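The next block holds one structure in the form of structure tokens; read it before the comments.
Chain lettering (A, B and C) follows the sequence in which the chains are written, and residue indices restart at 1 in each chain.
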Amino acid sequence: MNTYVVETRQLTKRYGEHAAVKNLSLNVERGEVFGFLGHNGAGKTTTIHMLTTLLKPTSGTALVCGKSVTEQSLEARRHIGYVPENVRLYDTMTARANLLFFARLSGVEYPDRRIDETLDFLECRDLAPRLVGSFSKGLRQRIGLAQAILHRPDVLFLDEPTSGLDPMGIKTLRDLIVRLNREFGTTIFMNTHLISEISRTCTSIGVLNQGELVFRDTIEKVTERYGSESSLEELYLSVTPVQAKGAA
Amino acid sequence: MRNLVQPVLTIAVKDIRDALKDRFIILMTAFLLLASLVALAVAAIALKVDVATYAEAKAGLIALGKDASTIPDPAFYPLKLLRGFVEHVEIIGAIIGILIGYRAAASERGRQTLALIVTRPISQWQFLAGKVLAGTAIISSGLILAFVIAGIAVIAISGIVLNPEDIGRLAIVMSAAGLYALAFFLLGFVTALWAKKLPNALLLAFTVWLSFVLIAPQIGDTLDPDNQVAGGVFKQLQIAKPQQVEILQSFSTYETIRNGIEVASPTKHFERLSFAVLGIKDTYAGQPLMPILAEKTSDMIWLLAIALALALLLFARRLDPNRLSKE
Amino acid sequence: MGNAAANAPIRLLVAQSLSTIARERTVALLALLFLVLVVVAAYLGWSATSTVNAIYLRSVDYMTAQGQTIPSNPVLDTSPLALLRNMATYVSLIGALAAIVVGHQLIASDRKAGTMPLLGTRPMRGIDLGTAKALALVIAIAALVAFAAFINTATFLVLPEFRLDGAGWTKLAAFYATSGLYLLVFGFLGMWFGAAAKSETVGLLIPVTVWLTLTFVLPQITSNINPVAALNPVSALADAPASAFFQVTGWALGPFSLAEAYRVISAQLLDFMPPTYVDRAAIPAAASLLIAAAGVGTIATRAVARMDMTKGDYDA
């Protein structure tokens, strides 16, 4: 049986002459917490947009849980949850009303019960009756995460999940991601440009540079080979030379 | 003095450059010009039809051996062709005013640059004056362009060169149009500066526009008993003008209310002034300019007062720092 | 069963969209203004008719004293339905603008909420979203028209001097159906550009420009040559000058002159058609409206279905 939750072959997205993602061939196994690392503009968000069926690839294929994101997009969507960077919800509705709407759209059978379970899991049931518009970024991120896991997806895509959060918010979110992976077996596909996040949360890593995959391995092997977090940083800079020069 | 004026000019010049890059303002101005040209072309064709009908009727009478002087000669005043143009200025000119005013505030709020400007060592009035100056300059250039094109079109259509007095009449109407559009500029600017949510400001300004430009004159026009019966009630009853006045005297309260609704609209003041100065309204056609201006002073004062009141409102209120951001 | 399941997201989206726009203050403001004007329209009709009647009675005194023959009372020559003739103007002015805003907000509320990526990753098709928004618009417009119809019906019931017979009520119902169809054209325009435009302001201004063109510019060529005549339901239907030019433009542009098409149908249904009016359009007015509503509706639905779901929110 195919254990890959995400499989891409020669996946490419072009905007005119510019290729945002070039010939990306990448597999992510069931149960992994995959960290997708790269500079700003490296093509990480474009990749997530293609994998979540929001954007049509120019060429190549992408399967999520064995379903093509182009030909079987509806089927693929049943298996995915997505939390965009700076997730936003309907501000004039309560957290529960927002979750109820998205649970029903995802075809959840007993939405009220599922919402309670999810909010309990995320330790934020008290937020349910409050208007989302009144939430801080951290709380909004938590309800954003709730909407993405209501239907218990096989794979959860997170785009820069800790962006703009304070240190406490980052820690809470990191813990939730790890628990989600352990308790529900949800595969996590996470975009980030923070090396510290990768080393503390992920089980495997891929590095994207100017639209091309330049590195892919498990964290275990990377740590074996390179040791500490600062060495991981050196590895990252060595595989993304152009941007690093520009930054210097 | 230089220190007072310099920031105003700097803001005005920057704002004019910004506005010229705004495709929608250019597009709406082009739309006004196009609509005006359509109006002029249509007026010209309608005029030709009138002339042809007159010639035909005259020839018919002569062929029958009757006196052709019994049918009135269609008096021709080239400026009368501008009726449709003036009406487009009333409607679209006001919208352009609102858009320029909205853009003047939205360009700063959308980019969140207002905070950067007001934290410089300049007073609030200098910032606002710079914006109003820019708005006035943009509106004036648009109107000058529109009136010059309209003037040329009138000459081309009628084949009659406008005399200095005609040009003077055009200039008066253009100034009134400037004042009229400025009032709507201030409306757009004030709402966009103060509204909690920017696009709501545009809708609010449009609602005011709809109420004062279209609905108030519409109610006034509809309540006019003469507009209730096709061709006019008195015409249908075949009652002569002096008796009409006598009969209508018993309806003076009704007429006062009707007129009151109409004069609530700046559009009606602009229309009354323009139609009189350009001789579009038959009673003023061919009349000398000065008595017309004397009679229409109140309309000019109204236009000025509305613009001034809005300007006072703008300068009197402090900018709210909480409204500086996009949302 | 399968069909019901497939329709579930559409029903859900329709309900969510309607509850969101019901909370929009701008929508409420314009809808309220429209409904106030519906009442005003009835009052104006009544007041103007009563005044004309009073003028007639005064004139009769005068004419009797002069020994003139007394013509018939023009008020008696008009149908009670003509009392509502101003409705035609208000529907084409504020009604159309309100419809544009409703159509626009149906899309803008989701785009501005930033929830497009969340909607785009749910198991439903893009066309489901388009269909749901189109249905929500139809329901919203129907509600607006139903309110207006309710107010007007009440007006007829409280004014005993204006009695309607069976045919009159049928014509009134047909007038509301036509008004709904006309408003849908503008609602769909608002929806189309609400979805297709990158900036919210442009998304609002393009439909407003189309509305200006249809209401004030095209009728200049196809009927009354004076743009402001559009404000008066009777003078808006003055015949164009008798010239070959207007014959041709009226025939060719008439089908696109939707405001005029709507006025023509309204004048026929509410019995205020000036006897001099000649409809020169190549196709019947009702066909113009139907084609426009269906055409713009299809385009708008497709525009929503094809929206970029990765970001959604407007540029500044």
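Following the convention adopted for this analysis, contacts are C-beta pairs under 8 Å (C-beta built on N, C-alpha and C of every residue); 3 or more make two chains touch, one makes a residue touch a chain.
Quick caveat: nothing in here was measured; it's all calculated off a predicted structure.
Engineer: Is the C-beta contact count larger for B-C or for A-C?
Structural biologist: The greater number of contacts lies at B-C.
Engineer: If I average the Cα coordinates per chain and compare with the overall Cα mean, which chain comes out closest?
Structural biologist: Of the chains present, the most centrally placed is C.
Engineer: For chain A versus chain B, what separation do you get between their C-alpha means, in angstrom?
Structural biologist: About 56 Å, centre to centre.
Engineer: Where the CA atoms of chain B average out and where those of chain C average out, how many Å apart are those spots?
Structural biologist: Once rounded, the distance between the two centres reads 26 Å.
Engineer: Distance from the CA centroid of chain A to that of chain C, rounded to the nearest Å?
Structural biologist: 47
Engineer: Could you tell me which residues belong to chain A and also touch two or more other chains?
Structural biologist: In chain A, nothing touches at least two other chains.
Engineer: Enumerate the residues of chain B that touch no fewer than two other chains.
Structural biologist: Residues of chain B never touch two or more of the other chains.
Engineer: Can you tell me which positions in chain A touch chain C when the two form their complex?
Structural biologist: 49, 52-55, 74-75, 77-78, 80-82, 84, 86-92, 101-102, 104-107, 147
Engineer: Okay, in this complex, where on chain C does chain A touch?
Structural biologist: On the chain C side, the touching residues are 5, 8-9, 12-13, 16, 20, 23, 113-115, 117-125, 309-310.
Engineer: Provide the residue numbers of chain B that touch chain C in the complex, in ascending order.
Structural biologist: Counting only chain B, the residues touching chain C are 24, 27-28, 31, 35, 38-39, 42-43, 45-46, 48-50, 53, 83-84, 87-88, 90-92, 95, 99, 102, 106, 110-111, 199-200, 202-204, 206-207, 210-211, 214-215, 217-219, 221-223, 225, 227-230, 233-234, 236-239, 243, 246-248, 250-251, 254, 271, 326.
Engineer: So in the complex, the part of chain C that touches chain B is made up of which residues?
Structural biologist: Where chain C meets chain B, its residues are 25-26, 29-30, 33, 37, 40, 44, 47-49, 51-52, 54-56, 58-59, 62-63, 68, 71, 74, 86, 89, 93-94, 97, 101, 108, 200-202, 204-205, 208-209, 212-213, 216-217, 220-221, 225-228, 231-235, 241-243, 245-246, 274-276, 316.
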